[in-house]
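Multiple structures follow.
One chain, subunit A, appears in both complexes that follow, with subunit B as partner in the first and subunit C in the second.
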Partner chain A sequence: MSGGCGRNPPPFPDNEDQEAELDTRVLDSDEDDDDEGEDIFTGARSKPITPTSAPDEGDIFSEEGSYIRSDVHHATNGLHSDEELDLFTEATVELTLTNTTSQGRREIIGPTASACNTTHVPNSILKPSIVTKTMEELEEEESGDQFELNIAVTNPEKIGDGMNAYMSYKVSTQTTLPMFLNKTFSVRRRFSDFLGLYEKISAKHSLLGCIIPPPPQKSVVGMTKVKVGKEDSSSAEFVEKRRAALERYLQRVVAHPSLLQDPDVREFLERDELPRAVNTQALSGPGLLKMINRASDAVNKMTIKMNESDNWFESKLQEVENEEQLLRRLHAAVDSLVNHRKELCLNTAVLRKSVAMLGSVEENSALSRALSQLAEVEDKMEQLHQQQAFSDFFILAELLADYVRLLGAVRCCFEQRMKVWQRLQEAQSTLQKKREAEAKLLWANKPEKLQQAKDDINEWESKVSQYERDFERVTCTVRKEVLRFEKEKARDFKQHIVKYLESLLHTQHRLVKCWEAFLPEAKAIA
Partner chain B sequence: MEVSSAEAALSVSASSIRITDVTQDGDVLTFAIASQKLNSSAGVCVFRIYEDFDWLQQSLFSQENLPGLQGIIFPPLPSKALPSQSNTQTKALKQLGFLALGQDWQSYCKALEFYLQQVAAHPTLCKCKALDSFLINSESPGKQRGRKGIFNRLSQAVEEMRKESHKDVDNFFQNERNKNTNLAALSKVATEKLLDVVMTEQKLALACGHFATSLHLCVNQDDAAAVAFSKVCLKLSDVIEAVNRNFEKVASNDLSTLGLGLDLESRYQEAEKVWECVLMIACKLIELETVKKGTEKAKASKREVMEAFQKAVEKEFNLISSVAKQEIERFHSSRVNVLKNFLIGWCELQLNTAKEFAELYSQHLEACRNMYSE
Partner chain C sequence: MTSISEDSDKEKVRSVSVDLNNDASLVIDIPDALCERDKVKFTIHIKTTLSSFQKSEFSVPRQHEDFIWLHDTIVETEEYAGLIIPPAPPKPDFEGPREKMHKLGEGESSMTKEEYAKMKQELEAEYLAVFKKTVQVHEVFLQRLSSHPMFRKDRNFQIFLEYDQDLTVRRKNAKEMFGGFFKNMVKSADEVLISGVKEVDEFFEQEKIFLLDYSSKIKDATAKAEKMTRSHKNVADDYNHISGAMNSIAADNNTAFKKHLEKCAEVFEKLRKLEDRVASDQELKLTELLRYYTRDIQAAKDLLYRRARALADYENSNKTLDKARLKGKDIAQAEENQKQCLRKFDKLSESGKKELTSFKARRVVAFRKNLIEMTELEIKHAKNSMSLLQGSIEILNSN
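Let's turn to the complex of A and B:
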């Protein structure tokens, strides 16, 4: 293993602010008795981190980016052994485990559940009456039993040299779920492994109408810089961005009740060596986009409405499309915000230099001192701007980008339903043709061909009823998925706003301290 | 710093001079200048345009029978503002620097106000009748334009002198010149960099505004989940709006204190440069005159006349020299004081703003956390 660019923890949270800063991604709703919509679970309470080293060292798993600055050195390049447990404080994921049976009963998944052993969808065949279920009943199914599963992606390391080099990431899991072999374990994975996982999950579950979280996008430019060995801040930023994106991706995957039960997911998390995933070219950004755009076309081809629930689907799809546009716009706005902050950072650095020079030629000693102090203030502010820019990016911009892509995945979901319906339509029309053929034969009185015709009809009748069931099932699944997605989205955004505010507040407090430190210096000028 | 002497002194208090209002009529800015009479509680208010300020400056330069005039460091007058519509912000920035920013010419007015206060506080310049007339007469002094003072007469020569390096008359002045050159350049740079920072802060405020507005478009009341999401978006919009106001405040604080201070410092350094040139020229002129007279008188052997002339020249020279030295002392101590006040003011303003917004963010955070239990 060649020396890697180890991941340095983010430079910001201060010791004294550690508790206030901790991510409250985990909902604490012990007091919440509401049965109706809110998820009732507790995750691991975030443990306060007791930092052992320099004041600027922060939690490894915080969502904000770490910026590898050459002047910030850390004793170790990875996890401290006594911080092992703290690995996951920022990485908790709310989990629901339900067996999505037709009766709406809550079932607890045990280790012997059939889901674990089969590669098929754990859903049992749904009866057609499902479609008439009310919204409340569907939402009730959401809440389930509580288990804990925390995932973190850390320690990016460059393996190999030149154009064959790649980044390897450590995927660590901490769980109380019985279906895993251990409680705590970790493996190393590379980017193509994640793409491979997506491909496998997608192949199995998207046909059923599940919303599959999309993986982070490939980036030829970004990766090439890393491969070539450019150790500058932009490639460090790229690696951090990717690491965080991979972490969020996995957390979303395991947050999905059906996907969590998929043995491929378990294998991804547990197995030491994975066979190398090939053919992951198709999953580049443009490829995914093409797949998604077909969804809208498919809807437009649908000429005959099936039943009243179509209205719901049609308007929902429209909503999804609108929202996607809106989020794109928001993302652009945040992007511009991030860029301006970075600009402010640069300008502040330049100002600091010029003020420092002014202070050094100034003859009046008190004024000279004050100017040097002013340069210090500007220096601190530059750091604050830098950190806030990272917050803006990792908390807001990436959230919006993720959801733009997730909404694309939702549209894929709708497309799947379309496909199933089309298949049903085609089968129905084939069945019709077969019946007509039989009628013709009866009329033409050709008994030898009649048996064949009857066989055909039977075959197609059973196909039609199979496809009908499929369609009902997909419709139900898509509906549930959309509901779950929307709730999750609202909650996700809420959490991120709180996080963002916490970072703003933190920055603001430090700013106040800066000014308070400078005031006596200014007053001391004589 | 009013001087009580037999000569006419300023009839208003220097520190009470304020520019209270500015109105714009097409291309012309009119300033309302108020001040407090010294010996009564009466206030005076007059209206002036930029050309009147220019007239005042020229009058100060061209005072006659004022010994040692060449030694005085004249408070710098800001350049004329050109407020016409076709003047884009970039042009305005190039022309006026910091003073072009800020709402409704506030920074510019502050700079002009400061100029008047400096003139009125100067022990020699405050006695100039033109100043009194400028501050008190309801009629504008505009009719008397065109008097060119020492500065204009020598302006071309100043350019010539700058190009060549001349030996200074005194080591003291040589040192001053070196220091001044450094400081002038660095102050200018610092001012420009601060200007960049302020512009970026304003851009940030604008970007926040856009973001906040876009968030309002996400409101959708279709179903429970959409309502919840809309609430979240609106909350974020409020927060971003707060960040917007924060940046606007920070930028305006920067402008009104540090920006102004650095700009003033920068212009004062330039004024000092000019002063040096004027000094050099004056001394050079005296030299030339001495040589000239010497050549003339060499033929006539009227030694007493020669010696008397020599003494007179030396006296004039010493007078300028001593005035110059006093001015420099005064300049430095005043400059340090001015910068100190600006720095304190800036720090206090920014500290208050930072605390104010820390409080606001804290409130938003509370409200957001409570949203969980809704």
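Let's turn to the complex of A and C:
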């Protein structure tokens, strides 16, 4: 569940100047580096531009479509406050294209699964093959009407000194989506910005029953080391871990069709300076967990049990809870693997030194040479083990950690539905009380209060029907979300498993090479 | 009780030393071993054309303690002072597997049938590995003796091979006689050597320097190799747990997700076996090699000690002779003593030189053999892993 069309973007042309000049919307851009952008646009334009009608309430996309339409009118100022005139002219264009965006998005969900057979490797691993992937990208884009959105989080930089220091990350976006001002752009963000984004998204969408991807966890220990300026491998590792986690987080956010349409998300990606997000304490790792657990506690304490028309929700929730537990166990096992492999790496290094020493003392020259060669082999193996541990962690362990937290978010989603239902229940009982009150008044014959009672009843009747609709909608949304989530999860796991196996394959291949190189040396001993 | 026969292992000749069975007149191997609680019983199989033996082919059961007795008697034999005594095989160490067996027994009720079966399989594999090691090392000990022109004629060696009853009785007497003496010798030997007895022979001077240095380095390398193979085993263990955890998740599911996880679990299961083999082959070929030669180097050092001792004795006898000459008393006795000491010293020097030279050759050949075998095995395992992974990736991609 990560990455809209989660490929690593090709190395961006220097976008620094593009950030400054937001006036050139790359609609019919001459300096367009990828041609398919233009094709898509012309293609899009030629499509009949009918606003997607929303007959069925359960269609998320139409919902979001309408949401955005209104949004465009009001919120453009918020997006890029410094550019007024140009934006307005463009706003009209954007309006018509928004619908195709919705349509386009739908298309993405379908073919995406097959198109994205690519890797979600942290930038540091995959750099060499990025170019070839781009070619693939191009080919696939010619075949289908797809909108691309690639996000990368790179270049962590330490800003400031001492305890007030923080890491700033470059968030680069490459997209053909029309709702963005440019095709490629980047901004700098800090960790609290990401948490702030989560807060905003969560406030808006969780009530609708969407599964909100949880942000990476805060880590006091990790950050303190970085702030203090400890330039060692563990703090470098921490920064890399965080960078990768932030990238995955954003990729998951934009993979979600409704979230992508959210102006806050767009603002996050595009806007130069974001106001500092405050009160992110609650969103730190343990804080978030507490929130989730509180929600489930509240549900458990509900006295009136939900009358489920079908078992789907109950059994699904059970499934999710079980899977979360099992994933935790798997994650622990993979964690152990990472640690042991790191240990193996260390021990190999130590052995290497020892063998080298032995070789230097050995009086038989051929054997001495062979022993030094053996030490070389051990050295190469140490590097291989190191790289494999890296893959173990970033491809497998982090995936599992992410999904444990995602399953928690899924649970939250179910709980939201319960809350909505509870609200409906309460409204219904309030309505009942009001009706009883009216009846009492009628019986007691107090006409002056009767009108009030009737008004009350009307008010609550409409509330009840509103809440009923809400509940229907949420139920639909949750169901859709869960199905989408499961599809994404299967796809994600498959991708990562394949990538992991490929990393193992690569390691074994290199091992063969190492040993084959050594064999003649061993045979040369005389 | 576990019994292991060696036919499962195709590599029959596993000796860390050279192929010591190439002299058909006396061929020894250990085809079988039985583990009864604390005691390991080795079945020694002998084939010989020598007339000194009653039968031409026979087997005899021996315990580890019998080997130690044999080693000690040889060490104590004055005649062999100028030879490198093959190091005694270390006591079989089944602590690891035994612990695991306990855990298995205790946790049996809380495990699923599959988990239990898996753990049992692991346990058996570990037992097998320990067995292989200990049998190999005991076998090599005997083979070293049988291939040496002097040791093979040793009376006690013959008794060891032929005596069709329990050796325990004979052993007891021997122990009382030799126990203390041997230990004292080793303690003071160090000092004799290190205090820098004036060395007359360049060859031995070089040998001393080389052996002392090499000894500490090879000991270190052995320890580090042990640590590394242990890490490897830990990684294999983790693969096992991962496979189990993945299977649990897959069991709960019935979607494409399940298929992917099941396949992955299968891969990890197979990888574990391969990784285990890598670890144990490394141990058998590299770590065992280093271990064995650490002991062998020690035996070579012992030879130097004995020779240095003899040199010290000779020098003392000279002093005594001078004193006697001064006093005019006991001259003949002192002269005789001095002559004897000199003879002994010369004999030790002569045979010592031969032994140490052949030791060098033997060591080089053993290293060569083991390094080649280890490399070939590593390549084989890695290639197997590769084909396993490739196949699995293809299957996953085609789904």
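The rule is simple: the second predicted complex is superposed on the first by the 368 of 526 C-alpha atoms of A that agree within 3 Å, B and C clash if a C-alpha of one lies under 4 Å from a C-alpha of the other, contacts with A are read in each partner's own complex, and residues count from 1 in each chain.
Heads up, the rule we're going with is that a contact is a pair of C-beta atoms (placed from the backbone, for glycine too) under 8 Å apart; a residue touches a chain by one contact, two chains touch by 3 or more.
Everything numeric in this text was worked out from a predicted model, so none of it was measured.
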item: Clash-or-fit label for the pair subunit B, subunit C on subunit A; value: clash
item: Touching partner for A:F493 - first (subunit B), second (subunit C), both, neither; value: both
item: Touching partner for A:A333 - first (subunit B), second (subunit C), both, neither; value: both
item: Partner chain in contact with A:L177 - subunit B first, subunit C second, else both or neither; value: neither
item: Partner chain in contact with A:L483 - subunit B first, subunit C second, else both or neither; value: first
item: Which superposed partner A:I525 touches (first subunit B, second subunit C, both, neither); value: both
item: Subunit A positions touched by subunit B in one structure and by subunit C in the second; value: 319, 323, 326, 329-330, 333-334, 336-337, 340-341, 343-344, 347-348, 350-351, 354-355, 357-358, 361-364, 366-367, 370, 374, 486, 489-490, 493-494, 497-498, 501-502, 504-505, 508-509, 511-512, 515-516, 518-519, 522-523, 525-526
item: Interface residues, subunit A side, partner subunit B - complex; value: 27, 29, 31-32, 37, 315, 319, 323, 326, 329-330, 333-334, 336-337, 340-341, 343-344, 347-348, 350-351, 354-355, 357-358, 361-364, 366-367, 370, 374, 483, 486-487, 489-490, 493-494, 497-498, 500-502, 504-505, 508-509, 511-512, 515-516, 518-519, 522-523, 525-526
item: Touching residues (chain side subunit A, partner subunit C) in the complex; value: 117, 319, 322-323, 326-327, 329-330, 333-334, 336-337, 340-341, 343-344, 347-348, 350-351, 353-355, 357-358, 361-364, 366-367, 370, 374, 486, 489-490, 493-494, 497-498, 501-502, 504-505, 508-509, 511-512, 515-516, 518-519, 522-523, 525-526
item: Of subunit B, residues touching subunit A in the complex; value: 179, 182-183, 186-187, 189-190, 193-194, 196-197, 200-201, 203-204, 207-208, 210-211, 214-215, 217-218, 220, 222-226, 228-229, 232-233, 235-236, 239, 243, 332, 336, 339-340, 343-344, 346-348, 350-351, 354-355, 357-358, 361-362, 364-365, 368-369, 371-373
item: Sites on subunit C touched by subunit A in the complex; value: 210, 213-214, 217-218, 220-221, 224-225, 227-228, 230-232, 234-235, 237-239, 241-242, 244-246, 248-249, 252-253, 255-257, 260-261, 263-264, 267, 271, 360, 363-364, 367-368, 371-372, 375-376, 378-379, 382-383, 385-386, 389-390, 392-393, 396-397, 399
